[in-house]
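Provided herewith is a single structure, encoded as structure tokens, for subsequent inquiry.
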Amino acid sequence: MTNKFKIINDPVHGFINIPHEILFDVIEHPYFQRLRRISQTGLLNLIFPGATHTRFHHALGAMHLMFTALETLKLKGVTISKEEEKAAMLAILLHDIGHGPFSHALENMLMDDWHHEKLSLLLMNKMNEEFSGELSMAIEMFQGKYERKFFNQLISSQLDVDRLDYLKRDSFYTGVVEGNVNTQRIISMMNVSEDELVIDAKGIYSIENFLTARMFMYWQVYYHKTSALAEYLLVKILARAKFLVSQGKELPASENLAYFLHKNQFEKATGEDIQRFTDLDDNDVIQAIKFWTKSDDVVLSYLCNCVIQRKFPKTLMSSKPFEKEFIEDKIARTNLKFGQDIGSELVDQISRNLLPYNAEHQPIYLLQKDGEKTKLDHSENQILSSFINQLNTKYILSFPREI
Amino acid sequence: MTNKFKIINDPVHGFINIPHEILFDVIEHPYFQRLRRISQTGLLNLIFPGATHTRFHHALGAMHLMFTALETLKLKGVTISKEEEKAAMLAILLHDIGHGPFSHALENMLMDDWHHEKLSLLLMNKMNEEFSGELSMAIEMFQGKYERKFFNQLISSQLDVDRLDYLKRDSFYTGVVEGNVNTQRIISMMNVSEDELVIDAKGIYSIENFLTARMFMYWQVYYHKTSALAEYLLVKILARAKFLVSQGKELPASENLAYFLHKNQFEKATGEDIQRFTDLDDNDVIQAIKFWTKSDDVVLSYLCNCVIQRKFPKTLMSSKPFEKEFIEDKIARTNLKFGQDIGSELVDQISRNLLPYNAEHQPIYLLQKDGEKTKLDHSENQILSSFINQLNTKYILSFPREI
Amino acid sequence: MTNKFKIINDPVHGFINIPHEILFDVIEHPYFQRLRRISQTGLLNLIFPGATHTRFHHALGAMHLMFTALETLKLKGVTISKEEEKAAMLAILLHDIGHGPFSHALENMLMDDWHHEKLSLLLMNKMNEEFSGELSMAIEMFQGKYERKFFNQLISSQLDVDRLDYLKRDSFYTGVVEGNVNTQRIISMMNVSEDELVIDAKGIYSIENFLTARMFMYWQVYYHKTSALAEYLLVKILARAKFLVSQGKELPASENLAYFLHKNQFEKATGEDIQRFTDLDDNDVIQAIKFWTKSDDVVLSYLCNCVIQRKFPKTLMSSKPFEKEFIEDKIARTNLKFGQDIGSELVDQISRNLLPYNAEHQPIYLLQKDGEKTKLDHSENQILSSFINQLNTKYILSFPREI
Amino acid sequence: MTNKFKIINDPVHGFINIPHEILFDVIEHPYFQRLRRISQTGLLNLIFPGATHTRFHHALGAMHLMFTALETLKLKGVTISKEEEKAAMLAILLHDIGHGPFSHALENMLMDDWHHEKLSLLLMNKMNEEFSGELSMAIEMFQGKYERKFFNQLISSQLDVDRLDYLKRDSFYTGVVEGNVNTQRIISMMNVSEDELVIDAKGIYSIENFLTARMFMYWQVYYHKTSALAEYLLVKILARAKFLVSQGKELPASENLAYFLHKNQFEKATGEDIQRFTDLDDNDVIQAIKFWTKSDDVVLSYLCNCVIQRKFPKTLMSSKPFEKEFIEDKIARTNLKFGQDIGSELVDQISRNLLPYNAEHQPIYLLQKDGEKTKLDHSENQILSSFINQLNTKYILSFPREI
């Protein structure tokens, strides 16, 4: 076991301890090591150059927060067995194992309708066989089938350790301090009532601060108009490549990426699908985009150069959809600029939605000193929660420059 | 100029301002954008998972520190013209422009004897043509030919803004806080005497702290035995690939990387050499290493799997060279393990040297209140400088596990 | 002038430079040195033990932010003369010079109706005489009489450097990170349009984040029910002492404090008033409270012991005023507990108001790229400003424990 | 238990949990609450204005680190009982309980030869009576009488949690980041071998970094020539006051301080001695110094004004003692300046010693993977420890200015 490390440096949380053998073994698995080559925030580093962190580090960070949360709950008198602790840590460690290159951006591009959570479950089950069933309880927790609900809520809810880690980590690496959530404080306010996750009432402002920090991260970072565009460019590039391939065009790509460009039926994931999918990472995609900058397909080469040279189209943002005439004018000008009818391929309107706090579905509960539970936005002390329950939508129009 | 940004987020320094038009233009140049895809610290992220930052960000950070240093000097009464300011910022922005994939690691692998500084100069001169001579003064400063020596000393000396940025940045991203140098403090202590860079005497402890922080970064991070090994693995992989190619073996690689695997004469850099070199980045190398994990050359596939699966050979570190017998025993066992005579390819002794402070060559001078200059290690107040003038060498032996 | 320092360490902003001679001289003045002995946040350290910082440090920090703001504006092309720079820095340095012991808490206790700003102006004028008129422009700016309004707005508005420093500083020292405003970012977004302070439109989220951070600081820190109580206890102690003195009772106190306990007429501030006031600081008050813990007046000794032993009365907080019957019950029980009719002295309802953002009076304006100015809460991009324009009031009831 | 808090904000460590009832009760004791009014670093805030933190907060911080250290050791398999944990936390919480006003500075001024540790023990024993013997094991640990030595070593050794907290805390509040030790890392490297505290071998650089950080804090902060002088001024003021009182002079002072100015025999601490000592704090001393600025004793008023107006004498620092003639010249000039023979009272040479690492007495041991223990400075990997074993002495001469 000489190669096993027990402490991992993390500039975000300080140090990450790995208290169980099985966690090591999972971290050393090729499926997990692959996450080292998958960026956490896609092309966001084109806008925030510090954001080069990986899904590997995020998974470790979330595992660390899970450990901290469970320790806190134990100090408050919640009984948690060694097995449950291990399972909860495994579940969060593996929650993103199904992510492919560039995480969310290409989620539906490679294997059609395969959402990353579905793939995560598939890969977990596969690993569970290799680990002789040691991941079974973790998988139950991940799926929400384990009877004590708070384990699943720590993995996936409006206040789970996944969100806590990625907001803090993305804030740290982008340098956008408005999103720096106080994970230590929030976790110290967690509690369990009737096997459900709740927040000690005195932690209300920490929760409201978390919700506003999340809003700021979305509008300043993830949904920043250029960020949204960069992500969309990736999708368009892959879509264009698949289209060209379907038209019989040859496009250079690594063998594994080529496989997904050519294949279209993924109702069931075959053994080969999984093997090739888990050999893919950001490098395959970037390498292909570099090749395609020289493609003779004007649309493809335009889009690829946008990314590689960081020469982005122009973007406008609005809280209302753009007028049809305005868009058509942009298309016409683009056609003119390129001397080809490709304006409709290069002028795009996309939208982004955010519901800062969902007060209806699985709301956050505050635990009063007397044991009563109150919905966050019904608390007498809330100062913001009741204002941020509405869906907020913004529209982004992008089109080639100088037209 | 719509796409030009003026403020760049930097989690290390806060914000980076770009105060001159020409700086924008240089940043937008493909040679510079390429640095986004070149990691600052090579494979260090295999040991410190946070260290995914790029040479692009480092160059911007160093430029920011140059700006801060010049502002400080101006406040102290040093006359610095607008032209000099621009030139100094350009020179530091471009100081690493010649780096290829994985920065230092592969420095001498691709174009033989071409040190990155020589390549930087070559590329700067090429860009200078494109920019109609606007980079001329920057190039003079970079080469140390500009008459006011402190500009070159800020770019390249024992206390330059390059070191200040990379130590602080690498400390930040690795999470090794022992290397977190106080750049603000050190810069505030900079001064100029007879056009040479000096340090205000009261800043002595900040300088000594900087020197010890550098020592810690070297031995804890850069020369950490696994870090040193990871870097060496990269070199070995490329060397093996070049060797196999020279033996007529076909190895998959991107077109540009293949070019350098096959070519061997680089006395002069041709136009094609430069074109292809500046199209290379970390992705070409990682993609090739992924391919080569499946090579039928046992040595190559072993080395490539070490990197991709993060399954490192075993390493030992010592302050003395390892005994010949000990090494030969490891070679014999390796031969046995693989059933082939490849032990001498897979068992390696490497060494790392550090001179914490060079008191002889271009020493650091302290400026007393009375205008006198004292060598750092001769100062009455020094507490460490005189102890850290000796070269320190460590030896690392690596060999396959379980032998 | 050997004793003059030029750089002051500040854990909040890093380092504070003192770029003008006159600033030194003002800092060395006894009126200013006195601020070293006046806590920035009164008795807040009883709740947040780290909050022991002084008004001295805040004044220096605000001066530093003023310098940074002016440098930024100059880089954006706003013309600011050396004289204006000096004056603005002096004005903010002296903006709190009129604070007496425990800053705001005792503001109206010592010299009746003398608000600290009125006293600040009085002391500034007095110092201006000593400094032969060198403070005249600073005083104009402080009073809002200087023609270029943005100087006064930087000193006193909804987004002045005073607020920026105290929020960041109080957040730092209390450890309540929810209030950690990004001063560097906010200042980088400041601009001037028609001699009025405005914010570059792209800085909108930084401003909204600042406004919510301020809300959190108020409700988590300044208006925390125990904090509000502690401040109120100070007021009650002084009021009780003045009352007892007016009844002819002897109370130990330093000579200067005794003077203010006995005197009641302050329509005009006499030379002696000023002399004695500027000799007072927190020590006089704490020393007196320590004496008075042993007073035979039950009310006074009870209140003083609350502070010195940190044995606080019980507090309840509500968004509605407490019922009269409820309060009277508490009074009756207190009378019973003490065996004296002092319940009405020891049971108190206080209230705290916060208007997170005043959209009516001197609103914040955003400067669009085309030069247009938009009110913050009218901006299409705002996500919070329009929700936080209402006055929020909370009520706190305090009464002796175990009744 | 309504007033009891369970989490205390600490900007240095984040949050401090109080996991045992008895810890609350001790914190609420007047002896401990008194530490809120005793500054951790005396008059250091005159040089580093941020350094206003108290011994109260340090004691809590050290307790927090003790908790963290014990948790770490438990994870490594060291058996520690609930009773031992409580006792160790109590011992470190109370380790400084015997400090009087201004901590170390006045240590030997008030009660002659009573070192603060002797007083701490006395007060602990007194509290132990009140707490019915619950502190007995803590007292054993404090005295080094408890059989498992590592508990005492965590309280008092070259690498105890006391040092870890005060270095980190003082670095934080002064803003001198060179002293920012990585407590989390150091504690994670702690281990126990044969009931002695040791450090895991791989933590060697963290320890060496800690030792150099300590050196920097001493020479940059604690032994900064003006800091050393400020501390010395306090001593001189009290000594002068005691002298004047012994000559029959009346000096205003609080009743408790007056008691100690008049009394001289402290072989045994009487009940009254203890009562009065534990009622003293920094306020008594500062208030007295403020009074004494107006004393007609020229020496006393000169010294007191130095402190209150922050008008320090001139200081020189040297690595050799100052020449006798030089000192006598300063005395003569002082006599001339004041027109009285008081030069010998106002011209002082003091010295400060630091042994960065004591390799002889209770050295630090590294624990190798094979269970072997190595002395820190004998380790093959050490890079600094063997250079910093020598006592370093500096001399400071102070004398009135403008002479």
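Letters are used for the chains, namely A, B, C and D, taken in the order the chains are written, and counting of residues starts over at 1 for each.
By definition in this document, contacts are C-beta pairs under 8 Å (C-beta built on N, C-alpha and C of every residue); 3 or more make two chains touch, one makes a residue touch a chain.
Nothing here was measured: the structure is a model prediction, and the numbers come from that model.
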item: Chain A on chain C, rotation in degrees - Cα superposition, rounded to nearest 5; value: 180
item: Result of counting contacting C-beta pairs for B-D and A-D, higher pair; value: B-D
item: Whole-Å gap separating chain B and chain D, where each centre is the average of the chain's CA atoms; value: 43
item: Chain centre separation in whole Å, for chain B relative to chain A (CA means); value: 32
item: Inter-chain centre distance, chain A versus chain D - centres from mean C-alpha coordinates, in Å; value: 49
item: Touching two or more other chains - residues of chain D; value: 14-15, 185
item: Contact graph of the chains (line, ring, star, complete, other); value: complete
item: Contact set on chain C toward chain B in their complex; value: 7, 14-15, 17, 19, 75, 184-185, 188
item: Contacting residues of chain A [partner chain B, same complex]; value: 2-3, 8-12, 14-15, 28, 30, 33, 36-37, 45-46, 48-50, 52-54, 56-57, 60, 172-176, 254, 279, 283-284, 286-287, 290-291, 308-312, 314, 401
item: Of all residues in chain A, those that touch chain C in their complex; value: 177-178, 180, 182, 185, 205-206, 208-209, 212, 215-216, 219-220, 317-319, 380-381, 383-384, 387-388, 392
